Amino acid sequence: MNALEVSGVRKQFGGLVAVDDVHLQVRKGSVTAVIGPNGAGKTTFFNLITGVYQPDQGDIRLEGRSIVGLRPDQVTMLGIARTFQNIRLFADLPVLDNVLIAMHGRLSAGIPGILLGRRKVRHEERQALGEAYWLLEYMGLAPYANEIARNLPYGTQRRLEMVRALATHPKLLLLDEPAAGMSPRETRELTEMIHRIREDFDLTVVLIEHDMKLVMNISEHILVLDYGRPIAEGTPEEIRNNPRVIEAYLGRAAVSGA
Amino acid sequence: MKQGMTRLRTRLRRPRTQAVLLAAYTVLSAAGLAFAGPPIVWFLLLLASLLLLYYTDLPGAVKWVWAGVVVAVLLPVCASTGSSFESFMEVATQMGIYVAMALGLNVVVGFAGLLDLGFIAFFALGAYTYAIFFSDQANHFIPGHHFPLPADLFWLCLPAGLLVAALFGVLLGLPVLRVKGDYLAIVTLGFGEIIRIIFNNLDKPVNITNGAIGISSVEAPRFFGVSLSFPHQFYYLVLALLALVLYAVRRLEHSRIGRAWKAVREDEIAAQAMGVPLTRTKLVAFAVGASFSGLMGVVFAAKQAFIDPTSFTMLESITILVMVILGGMGSLPGVVVGACLVTLLNIQLMPELTNWLNTLTTAGVIQFPSALSPSKMQRLIFGIILILFAVFRPQGMIPSKTRRHDPAALAKLAAEWQAQTGGTFRAGVRPADGQDATARAPGHGAVTRAQGQDGAKEGATL
Amino acid sequence: MSFLVLEDVHVYYGGVHALKGISLTVEEGEIVTLIGANGAGKTTTLRAICAQARVRQGRITYRGRDITHLPTHEVVSLGIGHVPEGRRIFSRLTVKENLEIGAFSVRDRSLVKRRQEQVFESFPRLKERLHQKAGTLSGGEQQMLAIGRALMSEPALLLLDEPSMGLAPVVVEQIFDILKELNERGTTLLLVEQNAFQALSLARRGYVIQNGEILMTDHAHTLLENEDVKAAYLA
Amino acid sequence: MIPQLLHSLPQVLVDGVTLGAVYATVALGYTMVYGILELINFAHGEIFMSGAFIGTAILIGLNSAGWLGHLPKLLVLLLTLAVAMGLTGLLGMGIERVAYRPLRNAPRLIPLISAIGVSFVLQDVVRFIAEWRTGNYIVTGVTLYGAELNLGSLTVKTNTLIVLGAAVLMMAGLDLFVRRTRWGTAMRAVAQDKDTAALMSINVNRVIALTFFMGSALGGATGVLFAQQYGTIDPYIGFILGLKAFTAAVLGGIGNIRGAMFGGFVLGILEMFASAELGPLTGGVLGAEYKDVFAFLILIAVLLFKPEGLFGQAVKEKV
Amino acid sequence: GAGGGGGNTASSGGGGGGGGNVIKIATQSPLSGGSATLGEAIKLGAQLAVEDKQEEFKKLGFTLQLVPYDDQADPKKGVANAQMIASDQDILGVVGHLNSGVAIPSSEVYEKYAIPMVSPANTATQVTDRGLKTVNRICARDDFQGPAGAQFAVQTLGAKKIFVIQDKTAYGQGLADAFKDAAQKLGAQIVGYEGITVGEKDFNGVLNNAKAANPDLIYFGGLYAEGGLIVKQAREKGLNIPILGGDGLDSSTMVQIAGADIANTYYTSVAADVTKTDSGKQWADRYQQKFGKPVESYSAYGYDSAQVLLKGIENAIQANGGKKPTREQVRDAVRAIQDFQGIVTKVGFDDKGDNKFANVYVYKFDGQKYPGTQVAAMSKQS
């Protein structure tokens, strides 16, 4: 079964069609990349999937269920988590709280329970703390648990975004330029990490990236957008050699370099 | 010399030493309040002991009990020897009322980041709830002569005021939360004014609030047969309610809901993406904040025995906001101190100061032209104090601190969690897998170590 | 006399000692690159030059003039352009207004027009988006705008903080071409890049910065060959 | 009822537009400062009030010196306006320097506190001065253009025309300035990102000072016109009026200059309409006392459908 | 002991103990904020009274002092101040307040500590209707002043269609309501009843409404700051009908604000024209000289209230054999006063604390001068 099926979505901003008739089938457990020139509509595509924007046309299905019309928090609860192109952490809160917040929807404590300090609530809270810290350990962020998020180095902040996304227990993880601002070495580590979390947590991953090394290494399937429209789709090999993609996006050097 | 200083400093850092010193200070100021004059100075010194208490390194529980003893026993008992007893109790009662309201507003502004300039409306709702039904006012629109309700029902009216305010918090929130940031400020300001104007005019077509004339002869509440009429009685009532409010805010702050408020404050879009429902979270903040205010409104009406709309002007909303910001947004001790300080300034220190200047003037020590008579300078002085505070203490008096978790305890919880779930949230993944994965983790000893322990523990559980 | 000199520059963020005595020189007409891991202090170095981070100790001279304690706008008007990290375009202004602001110190309207045309030559995409609010541009378009905006003042020294971040490979290539061209026309460049390979290929000299200190400095091609550098930054 | 309503409508409109012009020009000051510092400058109402007092003081001074009769009225008015604008402009700059600039990197709401402090201080200082000079803080000034024109059933004070004319001129001038000049664009850039604006060789402090100067001068000028229109002023006029003007700014879309103007006029007319017609329309159940409720309800309704105000652009944050 | 009445703060006895031979009286009125002029006038009036009486008290062996409190027209401040007053055992009475909304809750405190209050300005009926032993006032109640105004409007001025405006405060509304009811009883038609907002300056809206209703008299319940502007703006609209108000308009500032438009404006007041008697004129001059500002009606009320209070204290001292009396004694002595001749009004309290002699005089502004000329007088008995 496909984890995600996007059929014919379109989004227009005023006169500008940012996403135009895009179809995509994402196989469960796969890593799919969406690439394309700047302004091609990749981020907008993610925003459509996560409910930040509503599509003007088309349908989006998560494991067969249509998620069009849902609010972002509802989409998240159904199992889609994301990171942002421009990091959006809760910058003034500690790292641990950043992760705990992502568990909000899975916890159930209500005001009466909290005020009365019910056993169930206390237990739930301990569990949440445990899981949050475990996730931080998992990503090597445990030493930062009490740090204020804004004081972390850039690359670390990106990793924290991933932890936060994982904490929502997603089925589908959307990563928007996870390697931006990372050194080649960090990018390599990131590649490994994506592989690992996909296996450990049984995830399906869709990512946007301009770092071709990362994209070609990691993805099984690539969708290329230009001016909102899909111009190519296929395996890394096919995409790398697609003249349209080379012209619009990769450039000569990338071909020779990669 | 220098060494002596450092030794002193390390000694001062020891909780035991701190406790002894603080106890000495507290006893001294309490004794001063009881036996020496002028009482106001000692009263302030005794209150200051609570501030010192906050800065000691004593364990949390000890601090709470200590503070409880000071405010519930020491302060009233020592003040009761002087003639100003009830006056202090009145001031302290009003302080308590404002502290509770400031704590409520802090939930809305400090935690959830929603600027509310009409907060006093909820206070008004609570106050009118009591005043209307515990005077003969309700007879004007409810047939039969059922009112005033028996004063023993006062304690029932407390939750009623709380609920009414919370309900209005939600009703207001529903439409209003569509707007953001400073637009919200003006909309809530408008709401506050609307409520006040309506209360000011609801004497026709049906006389519900008695309009601008206000509702007088409000029954004094009765509590287990004791009629409350003196400030010290209200002081204990307010103290008890305040303890409840503080408890509730503390609990909520570090819960799922408190975290959601802060998430919304920091970044709405990210909060939503993390599964936090925006509207519901904000509504809860509004309702919780409003409910404290409504609760205190009931007490206020009972204490004043008279209510009219002039007590609920926008200036009041702003005053409460000043308390929150001045104290330190989002910081409970800060808000408490801010509310106490502003109330003290307003109703105790400023009048005392101007009275003192006045005495000097009448005694001919200093001369003011009549236009500059000191009794008219309250606002000016208050204004200057606000500016100075803002400029020199921009984070608030006690800025909010983030709660630090002990990493060791966290690691233990994490281990427990792993033991229970197998270290992943997908069913069917082998624990060994998780362990393997972490061994490859980019960083680290800590992780591998924790993991190792988990493995052992897991073996045990299995 | 060197063009730009930093001597023992220290910068603190609150309690964090971010720069622990950075010294570096840039000669007129050079391309110099700063490389280093995340959080090493590259951005802070550039910010210190433009007086956006307070220098607590040390000295910065530009064309022989001490600029350590000048306010930002005066530093910049001496002919230093800065493409800040994270683009920082004015999102509520249109693309056109962003470019005009870039030429704030230029009073001659026709000159502004001409420079605008030059920018469009480098980045035709910007011309297409001329009247769009900059905040709604895509990430890459915003980066182009940030560079274009800095070029509007025709700076003698251009500080670039990760100009290739988030850009499509074609555009990255383009940008490096443009940087080269700029340099050939006489602009001195101080370039911070994660993409160390490309940066070192372009630059004449490079500095490796780590934990707020200069770890090593050498000719770019030497650094490219250096095993440590290769291992740490070139992957 | 309807004919009666129609009959009085023109007069209501004229009065509403006059009040609206005052709101609009004061709203401009809020909007400018808000636009640039994202700060609700609560002291702006008091700057308006100071302008009213300065203008009145000048006129009273000229009058008691016996010059008023000898100079052309228009000259006197322009002179008074110029002096009052200069002084309130400087006052605004001074306030910015003392109470806001030190707080530029402080948490967002802190300047609100110093703003409230400043407005208390200004209220009392003006009151002290007024009381000390005249023995009464409610001051009635000299009206230059007190004549009335009767146009059919309409009565219009000559001064009303002056208020309207001056308001429109000031607003148009400001709009042009902000849209068409380098400094205007600089203001908008500074409003968004001060650090980056500085990188564009913009002197941020100077731009902010200029903004305060202009906003405050406009407020001061409006104060003078207000004193002319209504004759009597006191140190507390700034508070209520400031609040209304701020509401108007929000109605139009805060930070947006044309929005502030439009919002001001709309609010003035709405209020005047409500206080004149609400009673008759509801058969006396609701009356003029509900005019603010009416105005705020409309504000809330507008914001519900257009949360960024009538003219504000929906700057949807790009994710 | 002093202050023991009803309170539980048993403390030093009267006479020689405690504060020794200092006697203080307090004023409570707004000294800052929008209605500070009025509050100030009360304070200054009381101050003058205290100074006048100082010698006399010295002879009795007491130092007399005035303690002014600023209630900021805020009930909470009023109550807190009242507690402070209660805790100062030397304070034997209060002159105040300006606002009924502050007087009512504050007097609940006075009652507990038996501190007599003499109000110069609170006209609301509930102030005394609650039957508190400590609460007295020398001014007229709304339900006397309002009807008196109505009688004058309908019977003397012959008004048939009346438009009522009030300022939506306890004072303005109380007065306007009382006027309205009485006028209707007298056969006049109320063609409009509107409220305005205190502190605003533009009342054109309400006046447009008034103009459309075509009345032959406007009644305004409120204070001069708004009243003056209403008169002025009404005239600008061509509404040249008589405008009538209550003692809130009884101020020189009213004339300043309205200027030449003041003609055909009337107000009712419980104060007789001070300047009509020689002693009154003298007093007014003294006041003017001392404080550098003209006498306001509230200054005279303030003066008279303080005088009444001091008279009560004197009586109590005598009854106590020359020793410092307790608050209860003063309270009862004040209430017992039956025919005190003040500077503007004669004072004698009935069992509720209302002034039996509170006459109502009607004044007309003749030209731009204050006070207006008295055109009618009505006594309570009528």
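In order of appearance the chains are A, B, C, D and E, and numbering begins at 1 in each one.
By definition in this document, a contact is a pair of C-beta atoms (placed from the backbone, for glycine too) under 8 Å apart; a residue touches a chain by one contact, two chains touch by 3 or more.
This structure is a prediction, so every number in the text was calculated from the model and none was measured.
K.L.:
With a step meaning a move to a chain it touches, how many steps does the shortest path from chain B to chain C take?
P.N.:
2
K.L.:
With chain centres set to the mean of the C-alpha atoms, which chain is at the far end from chain A?
P.N.:
So the farthest one, by centre of C-alpha atoms, is E.
K.L.:
Could you find the two chains linked by the most C-beta contact pairs?
P.N.:
Here the largest contact count links A-B.
K.L.:
If you average the Cα atoms of chain A and of chain E to get two centres, how far apart are those centres in Å?
P.N.:
73
K.L.:
Just the number, please: Cα centre separation of chain C and chain D in whole Å.
P.N.:
44
K.L.:
Go ahead and note the Å separation of the Cα centroids belonging to chain A and chain D.
P.N.:
Each chain's C-alpha centroid was found; their separation is 48 Å.
K.L.:
Report, in whole Å, the distance between the mean C-alpha point of chain D and the mean C-alpha point of chain E.
P.N.:
36
K.L.:
Indicate the residues of chain D shared as contacts by at least two other chains.
P.N.:
Residues 124, 127, 135, 289, 292, 317, 319 of chain D touch two or more partner chains.
K.L.:
Could you say which residues in chain A touch two or more other chains, in rising order?
P.N.:
43, 52, 84-85, 88
K.L.:
List, in ascending order, every residue of chain B touching at least 2 other chains.
P.N.:
Answer for chain B, listing residues that touch two or more other chains: 200-201, 269, 370, 376-377, 379.
K.L.:
In the complex, go through chain C and note every residue touching chain D.
P.N.:
50, 52, 71-74, 76-77, 82, 84, 88-93, 97, 100-102, 104-105, 107, 133, 135-136, 149, 153
K.L.:
Can you list the chain D residues touching chain B in their complex?
P.N.:
34, 38, 40, 98-99, 102-103, 106-107, 109-114, 116-121, 123-125, 127-128, 131-132, 135, 243, 246-247, 250, 254, 285, 289-290, 292-293, 296-297, 299-300, 303-304, 307-309, 317, 319
K.L.:
For a test of understanding, state which residues of chain B touch chain D in their complex under the given definition.
P.N.:
Spelled out, the residues of chain B in touch with chain D are 109, 115, 175-176, 178-180, 182-183, 185-187, 189-191, 193-194, 197-198, 200-201, 204-205, 269, 314, 318, 321-322, 325-326, 329, 369-372, 376-377, 379-380, 382-387, 389-391, 394-396.
K.L.:
Where on chain C is chain A touching in the complex?
P.N.:
Those residues of chain C that touch chain A are 16, 37-39, 86, 125, 132, 136-141, 143-144, 162, 165-174, 194-197, 232-235.
K.L.:
Where on chain D does chain C make contact in their complex?
P.N.:
Contacts found on chain D: 182, 185-186, 188-189, 191-193, 195-204, 313, 315-318.
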